[in-house]
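Letters A, B and C name the chains as they come in the text, with residue numbers starting at 1 for each one.
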C-alpha cells in the first residue's frame, strides 16, 4: 500500500523531532558540565550521576518511591471495592462507571485546587471545625506528605478502577455462587475467589497509578507546598531556578529509566487489562 | 455484603465529587473568605473584567483547538497505517511518550527548543506550546482510534476494493466513516488534555503565551480567591457539557 | 423413611411473572430425583431456592426436617453442580476440590485429613492423575467430574445438579448418564437433578417430577408418569401421544392390520427409521394417528387402507 508511508509521515516527523530528539538531548546534557552562568558544555563527565548518591538526593528518590507506593496501595484498597460494586451492580453500570471517569475529564489542576480550598489553614474544613469549637488552632492539613498522597489518590483513582472493573466485569457470576455453595462466607468469596481473579486488573491498575505518581510534579508542588519534595520537583527546579541543567538531565534520565523498567515489566507480564 | 459495598461506594463517590461541588458552591459566595455570606455572581463579574484572565483563556482555547486539529488528524492517519501493518519504532515511541513523566517531557522539550534556537531566530511562544501539545496528545489519539479499528472487520475494505473503489476512496468512504466516533472521542480527549496541561506548558511557554492553567496555578499559589473557584467552575461545567454533547452525538 | 429434602408450597416471583407458583415435593435419602420441564418452567429457580441463591416469597424448605428457607448458601449442607460447572480458573483440580474443605478443617481442628479425603474423591471420579491441572486444560467430561468431586467431598445431604449433561458433547451424554447414576448409587447421596430432557429424566431418575409454568404437574416413578400421566401436558412432554376422542395412546401402542377389528384409515405417510417405521394414518373421521411399528411388522405404504387398534390397557386417560 502506497498511502501507508504518507499516512505515517507526519506522526513520525513529530515523534522524531519532539520526543526522540529532546530525550536524546537530555541524555547528552546529563553527561556535560554546568557552565558558570548556567548552560552546559565540555568536559564530558559522570559527575552529575555521582551527585545522585548524595544523601539529600538519594533520600528524595527513596521518598518518591515511598509516596508513589503508598498512593498506589491506597488506590488499590479504595479502587478494588469500588470496581467490585460497579461490576456487581444490577443496573446503571454505565452511570456508575461514568461517575468514576468524570473527574478524570475535568482539569487536574482544578481538582488539586479543590482540595487546597478544603484543606488549607483558612479552608473549609478548618473554618468549620473552628466555627464548631472542635479545635482552637487550624489543623495543618495541607502542605505535608499525607496531603500529597491524598492528592495523588484523588487524581489517579480512576486509573485503578477501570482495569479492575474490566476484569471483574468478565468474571462468571456462577463462580461466586459456587464459592458460597461450597461454604465460603461473603468476605471469603471476595478473598479466595474475586481477588485472585482480579489480579491482572490490579497489577495493570497498580502500574498505571504508580508510574505517574513516581514522576508527579504538580501535586507535591501545590499540596506539599515545598515541604514534600519529590524527584519531579527537583528536576523542574534544576531546569528553572537552580539552572543546573546537566544535573536535572541526569535526574531525568534516572527517573525515565525507572519508569521504563516498570512499564517494560508490566508490558511483558501484560495479558488481560495490561497497558496498551 | 452487597449493602456494605453500596455504602462504601456512596462514600467513594462522595470523595470523588464532593470537593468539586463544594468548590463550585463557594464560587457563588459573596464573601472573599470561606464563610457563607449569601449568593451572588460578584466573582464571575470580576472574571469578566480581568483582562489578563481573558487573554489566558483565549490562549488556552487557541492552543487547544490547534492541537486538537493537528494531533487528531496526524494520529488518525498514523493509527490507520499502523492497523494495516505495524510500525515498530513509532509504536515504541508512542508507548514511551505515554509513560514519560510530564516534568521530564517538559524539561526535554525546553532543552530541545533552546538548542534549536541556537540555529534559528525563534523564541518560546504559542507555537512551541502547540507543538508540544500535538506531540504528547498523538499517542492518546492513536490508542483511542486503534481500539476502534481493532473491532473492525478487515473484509469491509476488501469488499470495497472488490467493488472497484480505489484505495483512497475505500479509506474515505468506508473506513473513515466507521472510525468517526473514535475520532470524535480522540479529539475531545486531546482538547481536554491540552486545555488542562500545566506542567509541560509552563516550561515551554513564552512571555506572550500564558495559558489558563498557568494563571490558575499562579493564583492558587498566591492564596485563596473565590475568583479561582469561579474559573474552576466554568471550566468544569464547560468540559462536562462538552462530554455530554459528545456522548449524545455518538449515540445518535 | 423420612425425607431428606422437603419443599413445601414454594413461591417465587420476579418482576413481571411468577417463576415458581406453589411447588411441593420431597426427596428420599439415596434417591435420584429429577425435576423436568420445558425451559422457563421454574425448575432452575426451584433448584436455586434449595441451594440458597434465591429466597422464596412463600413456602418452606426443610433439610433433614430442619427449615433452611432463609439460610445463606454457605450455611446449607446442600451443594450444587453448576450447569457450566463454575470451576475456579485460578485453582488446580485439587485446589478446587479442597475449596470447601478448608473451612471444615478450620472448624473441626487438625483432625481431618484433608489430603486423604481429596485423594479418595478424586480417585472415585477418575481424576487423580490430573489433580494438578488447571480447569482450562480439562475436557468437558473431566470438568464435570471435578465439579462433582468438589461437591461430593463435602458429603452434602443433597447434591443439586443443574442440567448436568447440557454442557457436554451430545455423543458423550448417553455414556455419562450411566456414570452419573453409578456414582450416585456408590455414594448413596441423594441427587436432585434439573433437566429439560425427558429421556434423561426417565432413564436416570428413581423419581421424576414434571413441572410446567411454575407448578408441579405430577410426581412419580418414570414408569408411572409415562404410562399413567395425569395431565395432557405430562403425557405430551414425556413422549409423543395420539389424542383420539379425548383418549391418548402412544405411537408404539397403536397396532396396524390389513383387516379385522379397529377403525379404518388411510396411510398418509410411512417414514422408515431403520429398526422401526413411523406410519401416519388418517382415520375415517379425519383424525390423524401415528403408529410406531417394528420394521418387519408392517409393509404399508402411503395410500394403503389399514385397520387401526390398541389395547384398552394402553389408553391414557388424563384427569385434565
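As a working rule, a residue touches a chain if its C-beta (ideal position, glycine included) is under 8 Å from a C-beta of that chain, and two chains touch if they have at least 3 such contacts.
Since this is a predicted model, take the numbers as computed values, not measurements.
Summarising the inter-chain layout, the chain whose CA centre lies farthest from the centre of chain A is C. When every chain is represented by the mean of its C-alpha atoms, the one lying closest to the mean of all protein C-alpha atoms is A.
Separating the centre of chain A from that of chain C, both taken as means of CA atoms, is a distance of 56 Å. Centre-to-centre, using mean CA coordinates, chain B is 60 Å away from chain C.
Chain A and chain B have Cα centroids lying 18 Å from one another. Contact residues of chain C toward chain A in the complex are 51-53, 72-74, 78-80, 82-84, 86-90, 99-100, 103-104, 150-151, 154. Across the complex, chain C is touched by residues 172, 174-175, 177-185, 188, 192-193, 196-197, 199 of chain A.
The residues of chain B lying in touch with chain A in their complex are 1-2, 5-6, 8-9, 12-13, 15-17, 19-20, 22-23, 26, 33-35, 73-75, 77-78, 80-82, 84-85, 87, 90, 93-112, 115, 131-132, 134-135, 138, 142-143, 167-168, 171, 192, 195-196, 198-199, 203, 213, 216-217, 220-221, 224, 228-229, 232, 235-236, 239-240, 243. The touching residues of chain A, when paired with chain B in their complex, are 1-5, 7-8, 10-12, 14-16, 18-23, 25-26, 29, 78, 81-82, 84-86, 88, 96, 99-100, 102-103, 105-118, 120, 122-124, 127, 154, 157, 186-187, 190, 211-212, 214-218, 222, 232-233, 235-236, 239-240, 245, 248-249, 252, 255-256, 259-260, 262-263, 267, 275-276.
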